[in-house]
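As written, the chain order gives the labels A, B, C and D, with residue 1 at the start of each chain.
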Amino acid sequence: MSTELFQFAPGREGYYGEFGGAFVPEILHETLAELRAAFDDARDDPAFWREYVDVMVTYSCRPTPVTYCENLTRLLGGARIYVKREDLNHTGAHKVNNVMGQGLLVRRMGKRRVIAETGAGQHGVATATMAARLGLACTIYMGEDDIARQRPNVFWMEQLGADVVAVTDGTRTLKDAINACLRDWAESMADTHYVLGTVCGPHPFPRMVTYFQSIIGQEARAQMLRITGALPRRVYACVGGGSNASGIFAGFLDDASVELVGVEAGGKGVDTEQHAARLAGGRGCPGVAQGYKSVFLQNREGLMHDTCSVAAGLDYIGVGPILAHLHAQGRVRFEAATDAEVVEALRLVIRREGLMPALESAHAFVTALKEAPHLSGADAILVNQSGRADKDIFTVAEALGDERWKRFLREKAAR
Amino acid sequence: MSTELFQFAPGREGYYGEFGGAFVPEILHETLAELRAAFDDARDDPAFWREYVDVMVTYSCRPTPVTYCENLTRLLGGARIYVKREDLNHTGAHKVNNVMGQGLLVRRMGKRRVIAETGAGQHGVATATMAARLGLACTIYMGEDDIARQRPNVFWMEQLGADVVAVTDGTRTLKDAINACLRDWAESMADTHYVLGTVCGPHPFPRMVTYFQSIIGQEARAQMLRITGALPRRVYACVGGGSNASGIFAGFLDDASVELVGVEAGGKGVDTEQHAARLAGGRGCPGVAQGYKSVFLQNREGLMHDTCSVAAGLDYIGVGPILAHLHAQGRVRFEAATDAEVVEALRLVIRREGLMPALESAHAFVTALKEAPHLSGADAILVNQSGRADKDIFTVAEALGDERWKRFLREKAAR
Amino acid sequence: MTRVDAAGLERDVRDGLAKKPILLMTHLVVGYPSLDANWTMLEAMDAARVDLVELQLPFSEPIADGPWFVKANQEAIRAGTSWTTYFDFAARAVSRFRFPVLFMGYYNSVFRMGGERFCARLAAAGMRGFIVADLPPEEAADLNATARAHALDPILLMTPANSTERLREIGRQASGFVYCLGRKGVTGKQTDLSQGVADFLGRCRMATSLPLALGFGIRTPADVSALRGLADIAIVGTACLETWEARGPDAYREFVQALARETAA
Amino acid sequence: MTRVDAAGLERDVRDGLAKKPILLMTHLVVGYPSLDANWTMLEAMDAARVDLVELQLPFSEPIADGPWFVKANQEAIRAGTSWTTYFDFAARAVSRFRFPVLFMGYYNSVFRMGGERFCARLAAAGMRGFIVADLPPEEAADLNATARAHALDPILLMTPANSTERLREIGRQASGFVYCLGRKGVTGKQTDLSQGVADFLGRCRMATSLPLALGFGIRTPADVSALRGLADIAIVGTACLETWEARGPDAYREFVQALARETAA
């Protein structure tokens, strides 16, 4: 990963161009300092990365494979399509990479409790899993609306021993869960670590989460070289906060020939008010919220907009500051995929390849499948399948209007 | 894997001791002969196993890891507990090993359609996935009662393009779905392959499915040697038809020091009529059904009993003939776990290790956790976690009486 | 193609064929819809001068049967049809009616009973042979030897899917007559008799000198008629049961009559 | 510890402290429950002779606030409280009442407005300083310089979690007075004043010679009384709003009076 990004100018620690920083209530100042120190210390310890990789290899299934999609490639008749399989991770998404990494840090810091926000529920399940495994107490904050969308994940979090707290503030989605965590942390930080789930929030989170997620990109780069003998022409990833994208992009940042494409939630359309595209379409503007400076969906007076996406994990106002910077630099191109396109892409990928991307990940497929035909067969493209669709069954079945599913629910509910 | 098992005496091809054979309507004779020939041919082709492993490595996530359960080990204070993580496979269970292998055979045979029975739905999802990936037409037969228990899997099968046919005969569970497949196959065999999901059915299925599933045991043996420096003292696996058990046991058959333990569905108790324990407890007796001779749960006149288990995948009348033979030989010990014990073990494993075994796999944990305290810390035991629990949310939430889950279902159903 | 030394069932069949061009074998599942109904069916067969009758012993996993017989097996089991029920019924039928009575069923019943006991009970009931739907010839050697010791004929199956070599192998082991499958699949569906049946029966004739019965999907008097000159025995199963279920005993009686009429000289 | 050169807000505070042992700062969220209600609140504060007043500009992500203020921020936004609404209201308050009026809010509002424009608008409204809950001192240098050019005091926070070194650093940059947090966490919960508050305020005194205000969890007249001799200013926020919500304007008036009574000489 480009180390340049992390060579902060004096007095600009945690800044990526104009984005980043640490805008938190003073009460959290020392906690963040402690975390930065612990992280720096771990990062400088070669044994730490080895321990981290070992955990990911023995507890999850890293390295996750890269799968060639011959059927889609033939169907679309352009670039060869490869998929990085983060869906195969334990708990079903890339989230576990970050979570296990932070878990090891928590152990180094000697804290006894973790808290986390969750949108799709994936990060909550991953955190609750890590907490169960490492013997930590765990509280998960989740927007009330997201709880309604992602009950199965809530159920498993509870089975894992986590306390799941419904957040009823604001829009009752991911951003409000983050606020709730910051509030909890401001009180509990002596024995509690906040396991932020994406590359947002105050320094050192964007850097730290990118560091752990960079395992995706490191593996993927080597795998593409091994499998195809060359680097991919483009790499696609969906962007909620941006952790899976930052993770896979990290492997290719220094490869100028590789175009990096982030795909945001186009919701009902970027021209409507109902989407979560911060960068694609230029609807976001710079601001400071939830501890960091980046591009947010907000009105002229800095009040955040309601966002909207069929994918709970992308339904978020802000984007990681590193990605905002890479966008500003022109290093990462951003596109948006609408809900309707996402459901279509999901169907196609399931049907043609037997892969079941999460609704979030299906965003990356939308753009990849749109662009593949315009490239040549000499090109390979790589799509990050950040998670699996199992958690989305309620949403997908509803989007597809599956009558038998509804009947099934009625029967189950009547018991 | 012990090749002795497969050195059939003259005229006894497909027999393991007194069990096995091929008892099918004459119409299927040539089809089975063709399959045997294709399988033998593939087995003799060193490139075939390499191709198979390559598919499993790039499409699923083989080798699946072995995870050490430090918390459970500490809690129980006996043998060190290791878990083979088949739950991390694509589609969430070991079933994909068998299915992708048979898929490659189908390709060699040039057939265009596959059919399969399914109980828990895992084998159906795996087969539908393989069919999507290999571009084959696909029909899945599933007992009406199992469809009710495992709707989420039905939904995904349909998304994968499979035709899911509800079987309304008999007990409307796995065994009836197998009958339905045999009937379909008796008509369609010219262009159709029957992807039997477990180590039952007529020769060559028990051998062939064991062959593909032996990838579990081959990996696990090498992993245990590498991780612990020694072979495990005992290996535990749940036994429905017996494919995951046969797969992991295959790696250790020649290791006399390794005790192999199969765990069957004790349902409401082996003393009740509501269980599926064929071997443990001695309730089954020799018989011939569904194409093979083995031990079945039947009455004195050879009519099959209704079986019962919280785990749809274990709710079956028969057991693989190889396992019945290994049981008769004393090479594999069989135990049963009741539904209540299974739910308890599931909770414990989720809570302590952040692992989420399928209800089927939780059977193996029941016995392993019962026995671990009686072994010494010098011993390691290995549990095969054949699948993940996601598919079981409806059953588990019901078993645990989760009120919020029920409310959620009511709300979803009311939409 | 008459064999001079014909005996047992084969003798019966040849005697019948001396009088008319084709014989008729019908079938019922003992215990379904009820033993009384079964008796009425047998009376209808007898009245129509049916030549051979199969009595199916219900089994819980009837893999060679289609939906109608699957249901019949299931309901007969639910009604408590035991081995004793079955053999008592068969013995009554043998003593009351002229036609030879055959056992039809699945191997697990035979296996659980034991081959010796099975053959002894058949013989004691006066039955003449058996058809075991899921017992391949290579598994049947012992049973068939026992059968012959009891003067029973094991009826083997030939199918359109079999290779010539396999047909020959089956021919070598068969006795009584051979049960030829009109098509692939299970019981109950229509067979297009124009398609390949003649070819198939020709292949069977090359493999055996025994009389050939054709079953699976023979559903109408016209089907029976069409088999004249091709097969020696027409087997009608599902179509009879369907008639009973849909239109009652009188229609059943008429239907069996109509089938039999097509076998007349 | 009086500084001779005190000016701006500090001068006001010191003047107040010359007359009584502790001052009282109260708080409201502009636009919640309504501007009319806010005005009634200000009248109550004025009647009780409250010494300083914070007017919070609502923000959608108020991470330093507890549930009462979160709801207040949200509702005020829903009611359409804009920058113009806010500054018009603040200007009216300044011109009508005696107490110094401070801005309270989150950095995004400042950032979106621009530091220069922000300070100019505050000054134009006659406000005296600002508290930005999520702006750390290292990010505040430019804004604070601009503020001072507009004769505004940026009020910095000291917290029990801060190291001595950090407190000193904050002290170096502060002016007006320092806002000391009575405990960890967000607004709205009770603080146990017996536990460590004196120690903490002692540490703050070592880090700055500015007057110290203590906020977060000061909920009752008894709390205010207990701060006499410890802090220079008692800050009461949530408790006032709770009183208004639960018991209405008259109770609110009485409550503010009761708080203020405990600050009397």
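The working rule: contacts are C-beta pairs under 8 Å (C-beta built on N, C-alpha and C of every residue); 3 or more make two chains touch, one makes a residue touch a chain.
In this text, all values refer to a predicted model and were calculated from it rather than measured experimentally.
Student: Hey, how far is the Cα centre of chain A from the one of chain B, in Å?
Tutor: 34
Student: Taking each chain's centre as the mean of its CA atoms, how far is chain C from chain D in angstrom?
Tutor: Going by mean C-alpha positions, chain C sits 98 Å from chain D.
Student: In chain A, which residues are in touch with two or more of the other chains?
Tutor: none
Student: How are the chains arranged in terms of who touches whom: line, ring, star, complete or other?
Tutor: Shape of the chain contacts: a line, open at both ends.
Student: Which of the chains touch, listed as pairs?
Tutor: Listed by label, chains in contact pair as A-B, A-D, B-C.
Student: Going by the contact rule set out above, which residues of chain A touch chain B in the complex?
Tutor: Within the complex, chain A touches chain B at residues 57-61, 64-68, 71, 85, 88-90, 92, 128-133, 135, 148, 151-152, 154-156, 158-161, 347, 350-354, 356, 389-390, 393-394, 396-398, 402, 404-406, 408-415.
Student: Spell out the part of chain C that touches chain B in their complex, as residue ranges.
Tutor: It is residues 58-67, 70-71, 74, 77, 82-83, 106-109, 111-113, 133-136, 138-139, 156-163, 166, 170, 181, 183-186 of chain C that touch chain B.
Student: Which of the residues in chain B end up touching chain C in this complex?
Tutor: Checking each residue of chain B against chain C gives 11, 21-31, 169-170, 175, 179, 182-183, 186-190, 286-291, 293, 296, 298, 300-304.
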